[in-house]
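My questions all concern the structure below.
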Amino acid sequence: MSTDTILETRQLTKEFKGFVAVNRVDLKVRRGSIHALIGPNGAGKTTCFNLLTKFITPTSGSILFNGHDITREAPASIARRGIIRSFQISAVFPHLTVLENVRVALQRKLGTSFHFWRSERSLDRLNERAAELLHAVDLGAYVHHTTVELSYGRKRALEIATTLAMEPELMLLDEPTQGMGLEDVDRIKRLIKKVSAQRTILMVEHNMSVVSSIADTITVLQRGATLAEGPYAEVSANPAVIEAYMGSAANELQGAH
Amino acid sequence: MNVTTASKPAAPAAAAPAADDRQQVLRSARVAWTVGLAILVAAPFIGLYPVFMMKALCFAIFACAFNLLLGFTGLLSFGHAAFMGAAAYATGWLVRSAGWSPEFGLLAGVAVGGGIGLLVGLIAIRREGIYFAMITLAMAQMVYFVCLQAPFTGGEDGLQGVPRGRLFGLVPLDDDLSMYFVVLAIFVLVFLAIMRIVHSPYGQVLKAIRENEPRAVSLGYHVNRYKLLAFVLSTAIAGLAGSLKTLVLGFATLSDVHWSLSGEVVLMTLLGGMGTFAGPVIGAFTIIGLQNFLADRVGSWVTVIIGGIFVVCVLAFRRGIVGELLAWRQRRLKGSTTPGGH
Amino acid sequence: MTEIFGIPIQAFLGQLLLGLVNGSFYAMLSLGLAVIFGLLGIVNFAHGALYMIGAYVAWLGLEKLGMNYWVALVVSPLVVGALGVLVEKLLLRHLYRIDPIYGLLLTFGISLILEGIFRDQFGVSGQQYAVPELLQGATNLGFMILPNYRAWVVVASLVICLGTWFVIEKTSLGAKLRAGTENPTLVQAFGINVPLMVTLTYAGGAALAAIAGVLAAPVIQITPLMGSNLIIVVFAVVVIGGMGSILGSILTGVFLGLVEGLTKVFYPEASNIVVFVIMAIVLVLRPAGLFGKEK
Amino acid sequence: MSTPFLEIKGLNAWYGESHVLHGVDFSVAEGEVVTLLGRNGAGRTSTMRAIMGLTGRREGSIRVRGTETIGWPTHKVARLGIGYCPEERGIFSSLSAEENLMLPPPLAAGGLGVDEIYAMFPNLKERAGSQGTRLSGGEQQMLAVARILRTGARLLLLDEISEGLAPVIVQKLAEVVTTLRAKGYTIVMVEQNFRFAAPLADRFLVMEHGQIIQQFTQAELPSRLEKLHEYLGV
Amino acid sequence: QVSGDVIKIGIITDMSGLYSDIDGSAGVEAIRMAVADATGGSGMLAGKKVEVLFADHQNKADVAASKAREWFDTQGVDMLIGGTNSGTSLAMAKVAAEKKKLFISIGAATAALTNDQCNPYTVHWAYDTVALAKGTGNAVVKGGGKSWYFLTADYAFGAQLQNDTSNIVKAAGGTIVGSVKHPLSASDFSSFLLQAQSSKAQILGLANAGGDTINSIKAANEFGITKTMKLAGLLVFINDIHSLGLKTTQGMYLTDSWYWNRDAETRAWSRKFFEKIKRMPSSIQAGDYSATLQYLNAVKATGSDDADKVLAQMKKTKINDVFAKGGFIRDDGRMVHDMYLMQVKTPAESTEPWDYYKVAEVIKGEAAWTTKAESKCPLWK
């Protein structure tokens, strides 16, 4: 396989008691791209993410990351390979400070995470890098706040900072702009674009303004299966996609003219 | 009184204060610590019954160990008495029948507590929440029956007449006063050790796991290993508490492994304030003191009262004594400075 | 043949039968726990205490009011069910939105209170309850003399278990309960009073425990601690069976009773822990329990 | 005009911390069929859930036949005669198809009889004994709709009932809605499938970011198509 | 010289459990009766107040030992009475010896208190396992019960009683087929009894007491065990007979240290007791009375509550009271007096409530207890 492909799934399938949530999906994510996964509710997007990070086990099919078969690996090992996800609902450590949130992610590489006899001051040397990451997502002013106090959008930003701290090769973002006000959406959109340099991003997103402006490739899922794939312009013109997702309304309206 | 972290099930006890608040908190914490320690040192000289104080300190160690698990890791073990009790028996037998010296007896207790903890933990850690609680309870019951039936435990009579011996072959412990200071010293060491564990790189990860486990997994932490280590650390310290108690009181009996003790330690922690450092200590002293005080006065009503405290704590008072105090002070501090964010 | 593996066949069958009697109690109690857990998500630690009170109501009824066994079999579940309504409405109700661990702790506290009250009133030495006249005497089975009452216990509890199972699996009330465990909010959106259903479910579980208590009264010592001694084994039964599974709890209860009986034949010392050993093995092989569903 | 069947004012709703409805205002008259339009995530489902009291925190006013229901428990709201057919269908796997059908208790007289329902959806009769979630997606959808027709509810909240269904079934459902409309039911629909919704509704409401941004009637539809294109747009 | 200016007597016994009928609060009452009798009703002895403390040990050795320690350390208790339960008495004996205070065990059965675990501050008053074994064990073997199986309470007492009885049975030419242990206060005896039944022994020796004995006898009837084996209750108190009824128990042999309906003196005292408690006294409650009375007499005689002095005084005085005639305290701490082998009357023979026994044999002091040759107590060599 080409080194251009960072992540590939082959015939990836997940059944829940007879119900096929993800059906023989062949997904190829190109290194360095922003790849969006869209589709109607219940299409299997989150399930797909869960499969990729092994939060659930595939029924069949395989997942290849950088050419390695990771289908059987544990969630934490997958994370260690450089696939880091964010969650559809906010995933921060609410009662840690903003700085500590990022530091937890940085800390793993230090190799002292089982050292229960060491002072936590030994982690202070990570502060600088953590602060840097927080600045990058415009949270510089909130470093010492307890995370619960942040607004929703800022929590999502923090989540991205934490994810970045893992220096992921591949970032999985599940509806990063969900539940946000307009300006937050805009901030996150810019942020994603910014951090996409030197890494690959796979995201689930319903907000077409986000998808259309930053995604390089789009895969449309419908009832667990791939419906279409390609750049935005192409996909959005696909009648099947319009029918299943973008809304036949547009179709109808155009027809009516 | 001290630095806290919030507990998973309970509402947050405190948020991180701004820098100058933190100074103030540290200062008042230091004052509180000094006063607390002074009281403990003075206790036998101001008429507090040393045997009672020692017993309470042993339970305080036990509760601190338990809190390391519940308060700082978010795991409710409902079988912690098993580790304390098994260690109590081990130390009792080694010191009495095998002639070990007290310090090795204590070390053996730590090893037994931790060892059994490892075995139980390997099974229990596979499930979470109430399942974890029920599994630990059942595994502990197994330990109970082993202690009931094993040939060296003395069945219902327990192991009696365990001598205190001489510490390091030097300090004779038969005298209540010298024993008291040994117990106090061990208590202080354990307390500091727990503070260190909580404020270590490892403690940070634990905290993160407790706050949001799926997120911790996604950051690449094998959370079960961290939880298992916490479990083993906690059970090892619980073992130490049991061993020490055997030396203090001279016996190890089935009460030490009975599930009702597992329930009591939950109550101590809950009442004092889980996820705080001082909470379990205050909880342990309160409960042991209450039991002592009430036992002769109200008979079976002790159980009713203890049960009532449980109900009240769970319904209205989930932060516990220390947690409530901290929250109250937090509110006062908040009143004077503007909250950050937004 | 008079021996199996060197054990007299009489002892073997006798212990097996006694195991079946115990298993019947396990089944009835774990059934109540499963019903309550299924709908409320609460591990009802007070179940043992409710079982104990069930027995005491029968005993008190007999001593103070001359109420006979058959009446007790009806009255006691009603009384305990009413107590269940109180407990649910006054206490448990406040815990549904928070960590289920608090439900366990709260019911633990409740069981301490109930046990303490009964200890104060009746001591721990145990009360006797006479076997009802109709069921006195014993039947010689050849390999053992089986007291008629114990045979009745097995039959009655199986009928009750299967009856409960039938109500839950085959009736419209049961359909509401099952739907409620799956998706309470939607059921409520259909206009069904789910909070009331929850209260009644708890009361029903409590009543089941009380029936078990009345059934047990003539065969064991009625003591304030009779419930808490049993409840932990029942927890293990529930974990082995798979929490919340109705049929699982019934079958596992009976099965473990039999296993315990067998252990008493071959290795009596281990009979107290065999259930826990099985639990450990089951958990390693099937973390969700024998009949449990993976989450 | 008489009191509207449903009147919503300044409705705000949250899921945990995320604020999804930002002041929804609209009303529906008795016998009217209204369709909520909007993109994914615009808040249409949340509006329905908020009416039933199924979101987290709610603020504002929801009047059903003049009765204020905000703060009511869900089952009481339902008993005012509201049938809710959720987006995810909500078929219970531990119940058979027939048990699913019989589950909701009658709320008022005048519900469809089982025979009528089976006549309307012959498939369901055939599959009555099978486990609810073993039905095909389309059958599940029919079951979900049929289930609330039995209860005598006069206000139906139908969330994407045409979703994921084969055209024939969609057509069937359109017939059903038309029938119900003729019978004087009041219906609020959420539809992605405009082709399905367009001919059925008396009125259209367009939602975006948890607010109603546009309203127009069936008659105004042709003149609004351009605008709609932009809102729902691609 | 009286320490703390009060004479404090403490009793720690089972106040709520399966042995509480045999001793319990009625035992405390017996002690109060002794205080009243010794002080002529004034509660003052040689100008000092006599106080009685009591506590429930819940049959837990650790509770008993902790309470004893606390009482000696903080309450200045001068003499401790140990009630029922051998495990607790053994534990308290150790504490008392450490604190050099007098400990009188009344309700505990284990002969270990004055044998291998004897100490200079422990006196064992009413009965012990050796006396029970010699009484009942011998009688049963003589009656033809050669092969024995034991149902044994799983703690210090049961093991000791089984052991002592086994020795007697073997010495008399019988055999021991096996034994099964049950937990203290067991709730259901059926499976233990099935185990016993399959042993095919003639005699089922019940090495348990109180509620446990009552329940094992009942279950044995229920399961028809009594049809194939004879039961030998090795420690049966009158309260147990009272709750089982004469119908179930008639003809049974048992050994006890005292019986209320033995002579005029015992009857008179017992009626006084009955007034207060509405029950006839058990041998242990009579023992509580006797021990307290003798202790207070010794305190009066020496004018001191110092354990060594009082004990020396008690040892040199013959004990003559309602409990014992011509009794004396041996060097190992055993209070030597006569024991009685009794047979339970038939319902027809019983003339009044609580009239349950016929005395079959008086076992003289010399024959009843551990002999010097058998003893491993270093104090008695």
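Going in written order, the chains are labelled A, B, C, D and E, and every chain counts its residues from 1.
Just so it is clear, a residue touches a chain if its C-beta (ideal position, glycine included) is under 8 Å from a C-beta of that chain, and two chains touch if they have at least 3 such contacts.
Since this is a predicted model, take the numbers as computed values, not measurements.
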By label, the chains that touch chain A as well as chain B are none
With centres defined by CA atoms only, which chain is the most remote from chain C? A
Measuring between Cα centroids, which chain is at the maximum distance from chain B? D
Just how far, in Å, is the C-alpha centre of chain D from the one of chain B? 54
List the centre-to-centre spacing of chain A and chain C in whole Å, with centres computed as mean CA coordinates. 48
CA centroids of chain B and chain E: separation to the nearest Å works out as 41
Could you please state the distance in Å, as a whole number, between where the Cα atoms of chain A are centred and where those of chain E are centred? 77
Taking each residue of chain A in turn, which ones touch at least two of the other chains? none
Do you know which chain C residues sit against two or more other chains? 119
Where chain E touches two or more other chains, by residue: 16
Chains that touch, pairwise: A-B, A-D, B-C, B-E, C-D, C-E
Once bound in the complex, which stretches of chain E touch chain C? 16-21, 58, 180, 185, 187-188, 190-191, 194-195, 197-198, 210-211, 215, 218, 222-224, 227, 243
Chain B partner contacts - residues on chain A that touch it in the complex: 53, 55, 74-77, 79-80, 84-87, 91-97, 100, 103-105, 107-108, 110, 112-120, 122-123, 142, 144-146, 148-151, 162, 166
Please output the residues of chain B touching chain C within their complex, sorted ascending. 8-9, 76, 78, 123, 126-127, 129-131, 133-135, 137-139, 141-142, 145-146, 148-149, 259-260, 263, 266, 270, 299-311, 313-315, 318
In the complex, chain B residues that touch chain A: 5-6, 12, 15-16, 18-19, 196-197, 199-205, 207-208, 211-212, 214-223, 225-226, 229, 233, 339-342
Contacting residues of chain D [partner chain C, same complex]: 52, 54, 73-75, 78-79, 84, 86, 90, 92-95, 99-100, 102-105, 107, 147-148, 151
